[in-house]
């Protein structure tokens, strides 16, 4: 039927188009606490919890448990302020992570699944929420009554800040001790300014600490002269939280250098990337030679390379042990580095440093590798090939092969695991009562968002330990939605590119931000691409007449004739059992994993038996 | 540039808009001045399931049938189309959707079946459709647009046709379809062409040539013959006659009524015919079966009425959407008693038009029901027709009251030298009379004496005999080689197109042969058929029924021996099949000759 | 603001549905009506009804004519008879007359029933043949691809009413009431629960029961009898409606703008088979039922 | 009885087709399927420069007639893009969501033209020569005596350059470290090689990185290349020739080892027991060089195809190359690359 294109002929409903762009901004109104009241149900049923886990992949992938679809929907509705708040609820540094997050959510995004195109630029939208929130935006905090408990947090890195904020919100009296002059940890001393402007960082850090968190910078905890003893802190405070992260570079293991000496530290033009960056951000002037070699495969390595280019290096090469495929850095980051002129060469491990008579480095000796067995997190082992050594000449060598924790600050007996990290139990506590630890200090070098997530998690655990009961429960909040907010046409919008600083001007200085951020139009367009996976489409089987009108308009293989459903041992749903045999079809059911929330079925259902609900994770105070 | 001869098959599931796409293609190309012969095959379900094929042959010179192999196959539904991939010629194109929405097993996608010599053209039909109209249902327009873009078909003609098609519907609908078409067109234009299919320039067409199918031609004939009343009941494939007349007849003061059934339809038509108005109805085999009782009344009461019958697969409900020529017996003999009637079977669309018009003349002149016998293939087949409106059908041929010597009492069924009685119609002074279904005398009074029944039966048969020489109606015609030939074909109805095509090809292969079309099946032009058979070493009668109803008819009437060639596939006769039969016969003749020579 | 419904948990629902056993009345092949067609509610309604009444599959015969609705027997796991256009009721009468034990259900559309078959309805009704006639009224010819039907509203444009339908549509409920049908009800395909309930009552009724079902044609009627319009139009019978009151029934039947759903009229009187037995007795013979009792 | 084994070959080039031929000979009853993204049957890419001499009918380039594939029961899935290979289930998915099971899989998808990251954004402004379609597009875009700006100039490019000059076109060559790829040319030899090219009428400009590239506004010149040192070159088409980058996106997440190419052992088997590779796509472990390395050139690729097919059907021979990679200048001063040899 050619004439039957578009529109809804079958269904009982009239489409009401939502003119997203013409919505007014509600974020102020939010801050006055007036909300449209809608009926709500809170559920802890494993099937609902499981649904959220299965169907909101971005949130599931996020270590900080960020409610991604909710904040993207707010962007759609032009409520950047609200969007920022939803972000801030999960992680107190949205503006920061909006720039430098490792984006596990985007790898998980349903829009990136086979046949669905490219993932939504979730991170760029997070930044947009931070950048575009109204100038007069007010932060909302729901505070518990003061508990009278005192907590010391050691280290003002992402984990420490996140924990400190949540703890003080929970009514405790928190003090942070930080050895550096500025709070932020790796955020301040590790990440170059062209990726993370310092004013963004400091504003969000200060906001996080505004609930009366005491910040004592330049204070070292340790056994040395004029250093605060951990043991004394344990006496003065009800609880102490260690979030000192991994601030020590892992030394370069060179052949024949097993006498414990670290040759690398003895050669002038060889540096550890971590120190290189830290010193740079402490304000020291750093220089590099014409040809810079970087060994290592993490963000630090890439940062070193890109900083070197800005310091005037002519040829920068990153040497990695495996291959690009397997290094834990976002593809964008790699592409930008290459675009700026960095070369990345794979399958090689440094085995020796070549120096001239004056003791300066002239080249690095590498051995050729081949790929070996798989390691955790999709990484690969590199197996050196005997006798395949070769020499790469260079003027500066920057080593960024990893970081580790520093435990010599502990003056009390704490159980360590075999990597020398402190061990923590289920309740987040070390073997020492009242001494908690979290972040990289526990799991080893990881990402910022993991640190924030852990900090937040541990804060709750400390609260539970201190108060003797759980005061915050994770439940599913279910609200009805009147009609679909999306249109099929949204699915064809291409990913919106992040506006970049032109190549010419990038290298002028070290602080010029390379990514410019979305403007309102770009953000809205990108936000439209989000499937809003937290919207759940359900068929009321009692009213279904099995007419398949919904199936006919379905854009994908998303509505199915079902005879059964698997139940996982945790009580959540598994795969649907489909059938085409009429006398076995028990129900027509929407496979929410295939569903892209286009709303076509909703419009055509003759018996109006399709309902939409908003399903979100909600932390209930109890 | 070479002459155009492109055959395009669009294949999909009912509901994909397959037939709609085909008809737009035909109309648009005709509008652009090409010759088009087209035929659709579709199932009874309205939506969703059965297989549909819209097949169009677009040429610069007139042809008489479809080709065995298509140049392009457009798949709107791989499930159905896969089976038809082998019907595409070498270096022909297969156009399909390369972005289906559900996971397929190996071989479920058409690309797995395209032969090495054929050329794949994939495009994301559904996606383009959704982009253009945010619905998947204009896939057919996208595919059509792609086809048009690929071969540089005149875009404007398509736009006009599409907008025309949706006239009266919401403007958005037409726009949406045009958008979808353009979306496809752009893709097609941009596509990298590898096939060697050429669209030549449009031929010079005589200004009055128009594209139409058999049913439309029937309607044209009715309109021009000044049809006054029409009664009908929907039945595939005759429904469109009723639909078109419902829309058009009122425009010139005629009246159309959709009755509650065929019985009522022909009843009303006979009533109207009795009053002297030009009256008709249209149906298919099953409807005709219902009508035979009323038909008998029409014969008996000598009421002029025209019945258009488009045959479909039978018996019973049979194959409503498949073609067949199996209602000949019913049309010629159907009904109770010796019910002689006139039966015309046009062989092409233009013939439909002429027969429709002449049917009313015959009905009036011989005061009897006239059946015009089409079949689904002819009803739906599109051809370009010229000479419309040139033929002046006689407005009234009935032998009226003025032909009666006034000094005697009027006899409605008086015996005259041409067996046709002067006919008075209600309202005429001095013509008062009664008609009845009972056997009757000259006055029309019931009478069943042996003499009367003998006489009146003879009257009802004799009066129609001269119909075979009716002015401006070729009731039969010979084509091909003159004089003695090896193989002669006699065909009727839609099949004659294929027969002619086959005969022409056979001649080009050096076989001496001729073909004769027989348009009037009752009464039958016996002498002409006899002399034709006399000229032929072998006579071949191809027809779309199992019994060889026409072969039976003419053998019975002429005593000539013929070879029967019968097909009941529900599809039109294949030129290749007939040709094969001709070759076989020719071969036999040759060997006989050699044998004689030796 | 949409209200929040009770949660639907699939496996519970499936257990419930499959538990009832109504699915067993379905055939194996999926119905071929246009997606969204009101006739789908017929399969749901009839299967549920047969299931609720606990009728054995083998004792049910479904008779249909020509038209979209007439494909129904193919989608059921019972005896079925797909007869000719409009000639369903005679066949059904014959079947019922020949075998008391069978439950005979006739399904058809408005064209099949009131156009070509119109002549048969009054007689089936007044004889009170003990069959159930489910008439799915979509006000248009579907199978012949969209022509005006006897129940098409005035002003309805179809290919055969290009200048709008000028003929007043039939009022089937009033016809059936006046024809003397002993059970007359009305349902709506868009309300499957009530439909099922009414089919149960119709089959349970002893005598000629006529259920008029408003069933939109999603393909050829996009203007008049659509789900959108009917959702707004239909209403339930007033709570105080008395099904034994013919006048009240007529009054409700007259209202076609806001159709009343429910049982309009119900009466008990001898069925055709009863009268056949009586005639047999009057002639001195033994009715089949009594013969069966003896044997 | 068990269903016949299904050998699937991804790639429709020399390696793939030669492999198919050998497979058919060695396994008469097995199923053989070639999957290619192109619309054409196997054609001779070495003949492509003929498009500049007006040879525009693709049938003239076919290596085998269509009947060949039917006779040998080799299914060619044209216009099919492989999006994923599931090595566990031994199923590969095509872009149109069709799943194809295989018993043995040969990756012979060859290489696409490599582009340095800083040029990627200009891709739409480039013309290429790696397919019949691309060649035709180039031929159509290039007027009589038109000018071609060739960037990089790998050995394939130089072959094209010669043909362009012979057909009366102007060629500006912008050298790059990738020039003469895959030959490893000692910097000292480069001048004389460029000498030779200039001698043949190819205008070699001084080496400098590309600053930006622009499309000319309506009216010639169609393209402008701005070099870092400010020089501007104008021409009708720009053809980058920076060597090949293996086309491997589809197999990235299937678990087999990849560096720049698909890593295979000398028997051309990948790290998955059912997946082999041949041609420009694979990096073969070379014991003597202690490294994975590529082998290019028609003869190598054909040999790989044959070897892969043999090893897929039971044999166990290692690959060894037959050609020594030489780049010489003959008496006429014309370059000759051993990669150009083919029979």
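Here the chain labels run A, B, C and D in written order, and each chain numbers its own residues starting at 1.
Everything below uses one rule, namely that contacts are C-beta pairs under 8 Å (C-beta built on N, C-alpha and C of every residue); 3 or more make two chains touch, one makes a residue touch a chain.
All figures in this text were calculated on a predicted structure; none of them were measured in a lab.
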Interface with more contacting C-beta pairs, comparing A-D to B-C: B-C
Farthest chain (mean CA position) relative to subunit D: C
Distance from subunit C to subunit B - Cα centre to Cα centre, in angstrom: 39
Intercentroid distance (Cα basis), subunit B paired with subunit A, Å: 71
Centroid distance [mean C-alpha coordinates] between subunit C and subunit A, Å: 61
Per-residue overlap in subunit C, given as positions that touch at least 2 other chains: 33, 35, 219
Residue numbers of subunit D (touch at least two other chains): 97
Residue list for subunit B, restricted to those that touch at least two other chains: 15, 47-48, 101-103
Full enumeration of touching chain pairs: A-B, A-C, A-D, B-C, B-D
Residues of subunit A defined as touching subunit B within the complex: 1-7, 487-489, 492, 552-557
Touch list for subunit C against partner subunit B, complex: 32-35, 66, 68, 84-86, 115-116, 118, 141-145, 147-148, 150, 159-163, 219
Touching residues (chain side subunit B, partner subunit D) in the complex: 90, 97-106, 108-109, 111-112, 114-117, 119-122, 192, 194
For the subunit C and subunit A complex, residues of the former touching the latter: 1-5, 7-11, 13-14, 17-18, 23-31, 33, 35-38, 40-41, 43-44, 75, 77, 189-193, 216, 218-219, 222, 226-228, 231
Parts of subunit D lying in touch with subunit A, wherever the complex brings them together: 83-84, 93, 97, 117-118, 120, 252, 255, 257-260, 263, 271, 285, 289-292
